[in-house]
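Per-chain residue numbering starts at 1, and chain names A, B, C and D are given in the order in which the chains are listed.
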Amino acid sequence: MLPRPAPAWQTTTWLNTPEPLTLERLRGKVILLHAFQMLCPGCVARGIPQAQRVAEVFAGAPLVVVGLHTVFEHHEAMKLESLRAFLHEYRVKFPVGVDAPGEGGDPIPRTMSAYAMRGTPTTVLIDAQGRLRRQVFGVHDDLQLGAEIQTLLLEAQSQPAEACDDGGCALPLVASRD
Amino acid sequence: MLPRPAPAWQTTTWLNTPEPLTLERLRGKVILLHAFQMLCPGCVARGIPQAQRVAEVFAGAPLVVVGLHTVFEHHEAMKLESLRAFLHEYRVKFPVGVDAPGEGGDPIPRTMSAYAMRGTPTTVLIDAQGRLRRQVFGVHDDLQLGAEIQTLLLEAQSQPAEACDDGGCALPLVASRD
Amino acid sequence: MLPRPAPAWQTTTWLNTPEPLTLERLRGKVILLHAFQMLCPGCVARGIPQAQRVAEVFAGAPLVVVGLHTVFEHHEAMKLESLRAFLHEYRVKFPVGVDAPGEGGDPIPRTMSAYAMRGTPTTVLIDAQGRLRRQVFGVHDDLQLGAEIQTLLLEAQSQPAEACDDGGCALPLVASRD
Amino acid sequence: MLPRPAPAWQTTTWLNTPEPLTLERLRGKVILLHAFQMLCPGCVARGIPQAQRVAEVFAGAPLVVVGLHTVFEHHEAMKLESLRAFLHEYRVKFPVGVDAPGEGGDPIPRTMSAYAMRGTPTTVLIDAQGRLRRQVFGVHDDLQLGAEIQTLLLEAQSQPAEACDDGGCALPLVASRD
């Protein structure tokens, strides 16, 4: 099965970044998308620390770690002000987008739905061409994650960077692979 | 220095208990008071799990584990609704009081001030006669905490329970030991 | 059931101590006896570090931490020279006795048999009067161990050191053991 | 700097394998060589468990995990019989070679010298063409190790195995194995 383009991110706000991030703006870089909820114990104890270590270990590589706050329960408890304090207290430095509320009262936010995530934490790997390559629900093994990231980094290095930056050429390129 | 009566708890709300707790109501029992903030990483990773294990290991003993939500920063981020969800997600079953806001805009809540706590987590041990016996800021050693709790439990067992309920006789009793 | 006198230690050698230790020599002190094998993973990862922390936390108290090398398998692999290097590498500073080989080819060494230990690690608590008060096979909880040690320390402090135990009084009893 | 051929292994015995392993016999596979001492705390607590997880996570890949017992101190304490029991107790299933004693009374064993290892644990990565690609003294990061292994696995997959090594060229060698 060919990898499909990663669904667009539908967010209401971004923290830790001067401007909103999109898949198009990050084209050419490998993306680790870490979907979490600030009150999810597994995210706090394992997922977020792992994402932080990925950012450290692969500093210098064309890799971007991006958080996505996918609140699907206790919505009142995890509003923007709480998330902001959470990121501060846990020293989360990578950009975090707030997933847009589900349509028509759906408790599942939009990006979470588009990726068909099963819960939090979910780790998503997107290659330099914007394609969804890996999605893992729950705690992911460090050795395996390291290997998966490296696969995408080496691909990005060896392949001609046909995808244009700034989103201009991206759609045709992805389309030609479908 | 002789132990002094533990300062009264000044709270706005209680969770995980049908009715508010007071020192007087708990007279005759040893109290482990765990002061925390839901967005304090050390509390979440170490302090609260320790308090939960104390409740398990000493189940059956005349010991009560009580949480105190002493928010002194990011007040907007840790309101009641967030705390409620936090306790649910982290399976905190022991009663938790919400420390009352400081007077005159003081960011330090009242009970936290009364105990002169230096931050969170803070572990407080109160003996069966309502006296403050131990206060530790930061992560406390399990072996040492176990020993300290046992000291107070054995005292409670061996001493005549002369202290009155509802605080009426407490001071004279303590005084008689001075 | 009244506590019984702890069985005598039957050892061939002692390390980390200028002279052999016996229950009689330690009378008046609480004893944590940690029975281990140097190639037992649970001992190395959990038991020995716990015994070391007990020695640190209760430094100053009338408590002695004593190791007992109770080899009941792989005898050729855990001889004295190996044990000596093990204690050096793992920075074990407390005295360690080598349990005497079982009689008549019994693979279970003598002290291990006398205490009816079920395996390693085993944690034994002996009170200041030389009585066996607690024996736990496997990893023991820090909080609980702290409480148990404190119970014996407080007893030692409050009781006249002449107390009677099963069917006899302390002074004659001690005499009868010498 | 071009990678150099990995030095040959000089061993006296092998455990967990029906026949001795050599670099030549493993040509075509990526090798994780884990150099350890059975009484080295860092090896026992971190290095060996990591090597075991590598073997699990990359099961199915053309990767071989090999242990090397490089005793450079306490030689009497870590003889073959002790190592055998150690591997049994710690459930180490991968092949382990015993490094040959240093020449002329050198306490450093031969393979350890040939690789100029600084101590234990040391993690060595050798590519499918037998070349030394990475050598890390001390605890190695899981994410980074996963990435490094994957790099060598992908290389092995994509490259023709034509490289030369010490004293021979790859094509005849590979041919002789076909």
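One rule holds in what follows: a contact is a pair of C-beta atoms (placed from the backbone, for glycine too) under 8 Å apart; a residue touches a chain by one contact, two chains touch by 3 or more.
All figures in this text were calculated on a predicted structure; none of them were measured in a lab.
Novice: By mean C-alpha position, what chain is farthest away from chain C?
Specialist: A
Novice: Could the interface between the copies chain C and chain D be described as same, meaning over half of its residue numbers are common to both, or is it different?
Specialist: Looking at both copies, the contact residues mostly coincide.
Novice: Roughly how far is chain B from chain C, centre to centre by C-alpha average, rounded to an integer in Å?
Specialist: 36
Novice: At what distance in angstrom does the C-alpha mean of chain D lie from that of chain B?
Specialist: 54
Novice: Measure off the straight-line distance from the CA centroid of chain C to the CA centroid of chain D, and report it in whole Å.
Specialist: The computed centroid separation for chain C versus chain D comes out at 40 Å.
Novice: What are the residue numbers in chain B that touch two or more other chains?
Specialist: Nothing qualifies.
Novice: Going by the touch rule set out above, what shape does the chain contact graph take here: line, ring, star, complete or other?
Specialist: Chain contacts: single closed ring, each chain with exactly two partners.
Novice: In the complex, go through chain D and note every residue touching chain A.
Specialist: Against chain A, chain D makes touches at 53-54, 57-58, 141-151, 153-154.
Novice: Help me check something: in the complex, which residues belonging to chain B touch chain A?
Specialist: So the residues of chain B touching chain A come out as 39-41, 44-45, 73-74, 76-78, 81-82, 84-86, 88-90.
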